[in-house]
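Provided herewith is a single structure, encoded as structure tokens, for subsequent inquiry.
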Amino acid sequence: GGGETGTTADPGAEATSGAESAPAAAALAGEIKIDGSSTVAPLIQVAAEIFGEEQPQVKLAVGTSGTGGGFEKFCAGETAIANASRPIKDEEKAACTAKAINFGELRVATDALTVVVPKENTWATCLTVDQLKKIWEPGAEGKVMTWDQVDPKFPKEDLKLFGPGTDSGTFEYFTEEINGEKNVSRKDYSPSEDDNVIVQGVAGAKGGLGYFGYTYYEENMDKLTAVQVDSGAGCVGPSAQSAQDGTYTPLSRPLFIYPNVTELKRPEVTAFVDYLVANIATIAKDAKFITLNPEQEAKLKTDSASLKTQAG
Amino acid sequence: MALLSTPRSQVDLVGKGRPIREHLFRIALLSSLAVALIFLGLLLAYTLTEGWPRLDSRLWENFPSVRRPETSGVLSGIAGTLWIIGLTAVMALPTGVLAAIYLEEYADNTKWYNRLIELNIANLAAVPSIVYGILGLGIIARWLDFGFTVMTGAVTISLLVLPIVIISAREAIRAVPPSIREGSLALGATQWQTIYRQVLPASIPGIATGSILALSRAIGEAAPFLMLGAATLVRFNPDGVWSSFTVLPLQIYNLISQSREEFHILAAAAIVVLLAILLLMNSLAIWLRNRYQKRW
Amino acid sequence: MAAGHNRATAPGPNRSLARSRPRYGEAAIKVLLLAAALVSIATTLGIVAALLEPTIEFFSEVSFGEFFGSTSWGPLFSPPAFGVWPIIVATLEITLIAVIVAIPLGLAAAIYLSEYATTRVRKIFKPVLEVLAGIPTVVFGFFAFSFVTPLLQDILPFTLDPRNALSAGLLVGVMIIPIVASLSEDAMSAVPRSLREGSFALGASKMTTSVSVVLPAAFSGIVAAIILAISRAAGETMIVAIAAGFKSIFTFNPGSEMATMAAFIASAGSGDAPVGSIAYKTIFAVGSLLFIMTFAMNWFSARMVKKYREVYE
Amino acid sequence: MTQPNVTLRGPEVPNTPGSLDPVFTVEDLSVFYGDYEAVRNVDMMIGRREITAMIGPSGCGKSTVLRCFNRMNDLIPGAHIKGKILYHEEDLYGDHVDPIEVRRRIGMVFQKPNPFPKSIYDNVAYGPRVNGMKKNMDTVVEEALNKAALWDEVKDKLKQNALSLSGGQQQRLCIARAIAVKPEVILMDEPCSALDPIATTKIEDLMQELRQEYTILIVTHNMQQAARVSDRTAFFTADVDSAGVRHGRLVEFDQTTRIFTKPSDKRTEDYITGRFG
Amino acid sequence: MTQPNVTLRGPEVPNTPGSLDPVFTVEDLSVFYGDYEAVRNVDMMIGRREITAMIGPSGCGKSTVLRCFNRMNDLIPGAHIKGKILYHEEDLYGDHVDPIEVRRRIGMVFQKPNPFPKSIYDNVAYGPRVNGMKKNMDTVVEEALNKAALWDEVKDKLKQNALSLSGGQQQRLCIARAIAVKPEVILMDEPCSALDPIATTKIEDLMQELRQEYTILIVTHNMQQAARVSDRTAFFTADVDSAGVRHGRLVEFDQTTRIFTKPSDKRTEDYITGRFG
């Protein structure tokens, strides 16, 4: 036994030794509020989880108010980081400026919007952008109701449409790319924030068709087939490869986070962003996101470094 | 004299086949009640079987995780719910009871403003909870600048249950017979002495029962939190009233929305936890009522 | 005259009846109590304040005619459509289904509890109804979506969307049964026993007495119960968000997915409509409409109760 | 003994003891509420087309006994009887007897007027309707209201809510309602105690009228009223047994004139001279 | 006229008309419930250490008038008075008068015994406590229970809940409770109507005792009781005015012996001889 050291039991000495033995660098604390796109959320949630295991005192709250909702809170100074599935809009920038909130933009991943049909669907292996437009444009509402109206070669099967809610960045992006203008879409589809409903809906109807982020497709490959998209250069299916190299057009898109520069002065926020940037490949893989290609990853690193210098 | 007597034949008191209709009616009534109860049973059985595989300590010891559904739990939701309920109890119950005392013991309801208060309370009890969410968002979070914190959630929920607390407390107070009040006042007690020493002690069991039932409604609310954008992935417990938080019903809503089957099982298991808390509170209410209810 | 010889037992005329000590406490308490009662008024004012400004702004951009005169709803689409009827119809349809479920079942349960059940039976069933009333609506939503809808899809001859008005309506109905049952039971128990005895003494059966004496006498209370239940149903959010979905097209088909007003508020409110945008204001406009609808119903209910209350007692 | 302060109906008393033609014969009746024996060992007879009054201090079981005659006590959980009540030689509590049928034959009027919250017409028509009568309702209603001396006062407002009537009118309406099903007997439990003197007088006059056709049993706490209107009087009281439990008992049953002039029991005398109660 | 059937307290009646030493002087009192004038133009005096009884048919306003004496009517929204009640020359409804002080001085016992759901001791101690008395509570309680003739029956179970007492004991407890605050006057509204004969006798005896020290006002529907216990009697009745509205009125106020032997008003005579009510 080491009972002999008992003589040093003096309160003052103990206090000093306690202070010294505290790890000076590691233990960060504080709360980091993050909100925004539900598409980006899983990536940040995974990052938050892993980071949280190393820094249990740092409290990360991740909300999913949607890209716009996230910016709203962000520019009101309520959150430290905004998640976005599209670049910030000018109005939103103005709102941030009005509140003197400086921010930076970091591209953290790539998404491939995936058009899915059920396994029983054998005909729609590849659709052109025009065909997708024919299905989704406002003029189709109440008119294009069966597959043979899209292409006479397709069977006369009822067309059942599913998609994300109108308030998501995904909807905005898809409508812009396919219908040519943001938020322009037929209204008689089943919108859902809940991708599970899209999966179930499409899988449950022979003539079903829907679209959502690539992640969800990966999770449900057993139930759904991804449609190849032909934007003029032949049919390309969604995959990490095609999204990264840009051949999956027009439906691949960048995903961002926007840190508040002032908030970056807090060590725990910097630490989190640093951690995310340093481990972006593993995190994205873990969250089943399409990772950045090397150039994109290099840009992320330089962008985040310059943000840190801004914050001082 | 016998001539005046009613003939024996006229004195037949046998019924005329009424019982069958009566029985059918009774059975119809009973089965209506049964339908509601069967639903309750079915619902409990369904969630219990669905959630069974995940009904273990992982559920209440772990924080939610998107990476590992198998170890994911709802600890932060349970903690958030307890915070909200605790604060709601502290804010809504005293306010509600005081308001009920005012309305029952002081308010002269020939006065327009007292009638307005009453009508207003009845009306608030019917206002959809999502509208309270708008109130929380627009006034409490933004205008009062409480942000998206436990405090905002608790104030919103307090306002939501306040009418229910007031209504049930009024009933409990009204159940105290007027003769008790008269007896006290006739001895020269002031009105507040009468209330504090006679009316309140006699109505406490009723008030407690009503309050518990009101709080058990608060426990299940999700809609206002949806409006308040309470964070969904919270991997910590609130450490104060100005902390971020999530609540159990909102977590359940989010788990249901996940596409992975594991999360649905987790949702069912979380529902069982929520229902268990609820049943516990209800049993407490029933016990209180049976134990202390006064029959005048 | 023997006045005042024993002060202890007879205070006598020499002591004034004026307040012997000031009672500021009593007044302070009354103010405190009134303040507590006024919190409810403040709540209403808060709701109105939260709703009013964005609603006014909304109607300065969107005309009443468009709001109430069109059947195309899609404030977040481009170009936006502001015909509110699809979500009103969905709200009414789900409420109607709920009411069709809840009124007969709830009333029958109430009659049973009030007129037939023994004290012991009532003591068991009332708490059980309370439990049913306390079940979180997410739970009902989950049950509707993952159990009732698949079940109905199997047994019903027509197609049912994965999210549909029918099963949401059914579950909203189950949710409001306890409200109807327990408030109606209160109203029926309040009917004086003498009325029942009067009926029995005339040779009426229990069924006749319940249906033609007790029910009419409790009418105003029952109406109030039903109206409260209707406003709960109309404003229910989680069940419809989970089980009825968000598709806002103008349809009466209960098998199809449809968004109610509350579901719209929930989805748009938790979504990304930027503050100040017309889409954001739409949330408040719909919120105002919902608030006004419940307000109107309750005002009507209060009048009914007042009108018929004097009828007995 | 001070002379009781009562006005007795002299000449019209038609029955001498021997002439009682029994509608009910009560044999050793005890009434229980659960385990509690509220009334013990009652023996009495109710004569046809007579008015029988039941008097006694509060809680002595007058209402309890009265309600046995039309089986209203069946509605109270736990209430049951021992002994027998014969209605024209038939056991009122026999197995084959339908209490609903009993109540149709034996009407009842309560202490507080309890009209249904319906129109005057519907109140009177209620009984005939629930008893399956369909035709000539107007005639039935008019006849019943006439017999209850109410027709003239209400004939122009039959559709009006019955609750808009005055207390005395309401009580006469309740009598009309009872008459409308053409019962043989009418039971009345303190029918005037909620009424003012003028309304009381009207009801008492009405009882004298009804006596021509109906057998009437009335419970009253007003001795003067019993003396004024009844042919026979039953005096009940409550005594405490060795275990300290109170039980109601029939002390004396006789012609009203005898009860009020020459009671044979000391307790009756004490009661009617106001020494207690 | 039939001789009223009453037993009058003969020798103890101490007051001849001239000797009335007024505690209350009621001058032209009318009592309103909102717009309804329930009682009209009452003039009477309540003599010190006397028992004054108020009798009359139901609804004639006895309780209404009684409750004016300790301002209990203040608690009913809309209730107010016209006229004056002087309490030892001081206007009971004067601006400076504190109704709570009034009620401390003028105690009240109700129709149905209403003990608080607390221990016997706490029931009696309640009044002194709310009036700020702190010391010697045990003595106060014992004294009050003694005066109410209840001490011997309850002295071993003072901590027991008051609701476990019998009805008569409960009523005596309520009297003890009223006495404990040392009032000058005790108002009693039909204090025996919910009690059995034996309990009634006990309360009546108690009133005779209390009369040595307190001024007592009692409302009763039992004329025999009024005759037995009171020194003076006020007879109220209700009449209907030209608009068809009923108002209570004081018909006659006099020494009890006179009221019951030589009433000067026909209505009093009718009432006490049982011709109505």
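Going by the order they are written in, the chains are A, B, C, D and E; count residues from 1 in each one.
Heads up, the rule we're going with is that a contact is a pair of C-beta atoms (placed from the backbone, for glycine too) under 8 Å apart; a residue touches a chain by one contact, two chains touch by 3 or more.
By chain, UniProt protein names: B = Phosphate transport system permease protein PstA; C = Phosphate transport system permease protein; D, E = Phosphate import ATP-binding protein PstB.
As the structure is a prediction and not an experimental result, all values here were calculated from the model.
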If a chain touches chain B and chain C alike, it appears here: A, D, E
Third chains touching both chain E and chain D: B, C
Chain whose Cα centroid lies at the greatest distance from that of chain E: A
Interface with more contacting C-beta pairs, comparing A-C to C-E: A-C
Centroid-based (C-alpha) most distant chain relative to chain D: A
Geometric centre distance via CA averages, chain D-chain C, whole Å: 47
Whole-Å separation of chain centres (CA-atom averages), chain A against chain D: 85
Centre-of-Cα separation between chain B and chain A, whole angstrom: 38
Touching two or more other chains - residues of chain B: 18, 190, 229, 256
Multi-partner residues of chain A (each touching 2 or more other chains): 64-65, 69, 193, 197
Residues of chain C touching at least two other chains: 205, 270
All touching chain pairs, where touch follows the definition stated at the start: A-B, A-C, B-C, B-D, B-E, C-D, C-E, D-E
Parts of chain A lying in touch with chain C, wherever the complex brings them together: 37, 64-72, 76, 89, 91-92, 95, 138, 165-169, 175, 181-185, 187-193, 197, 200-201, 204
Chain C-facing residues of chain D, complex: 70, 72, 75, 77, 100-101, 103-105, 107-108, 110, 112, 114-118, 126-127, 130-131, 161, 163, 174, 177-178, 181
Residue ranges of chain B touching chain E (in the complex, touch as defined): 108-110, 177, 179-180, 182-190, 193, 197-198, 202, 294
Touching residues on chain E, where the partner in the complex is chain D: 2-7, 57-59, 193-194, 196-197, 200-201, 222-225, 227, 238, 246, 272-277
Sites on chain C touched by chain E in the complex: 1-3, 6, 8-13, 16-21
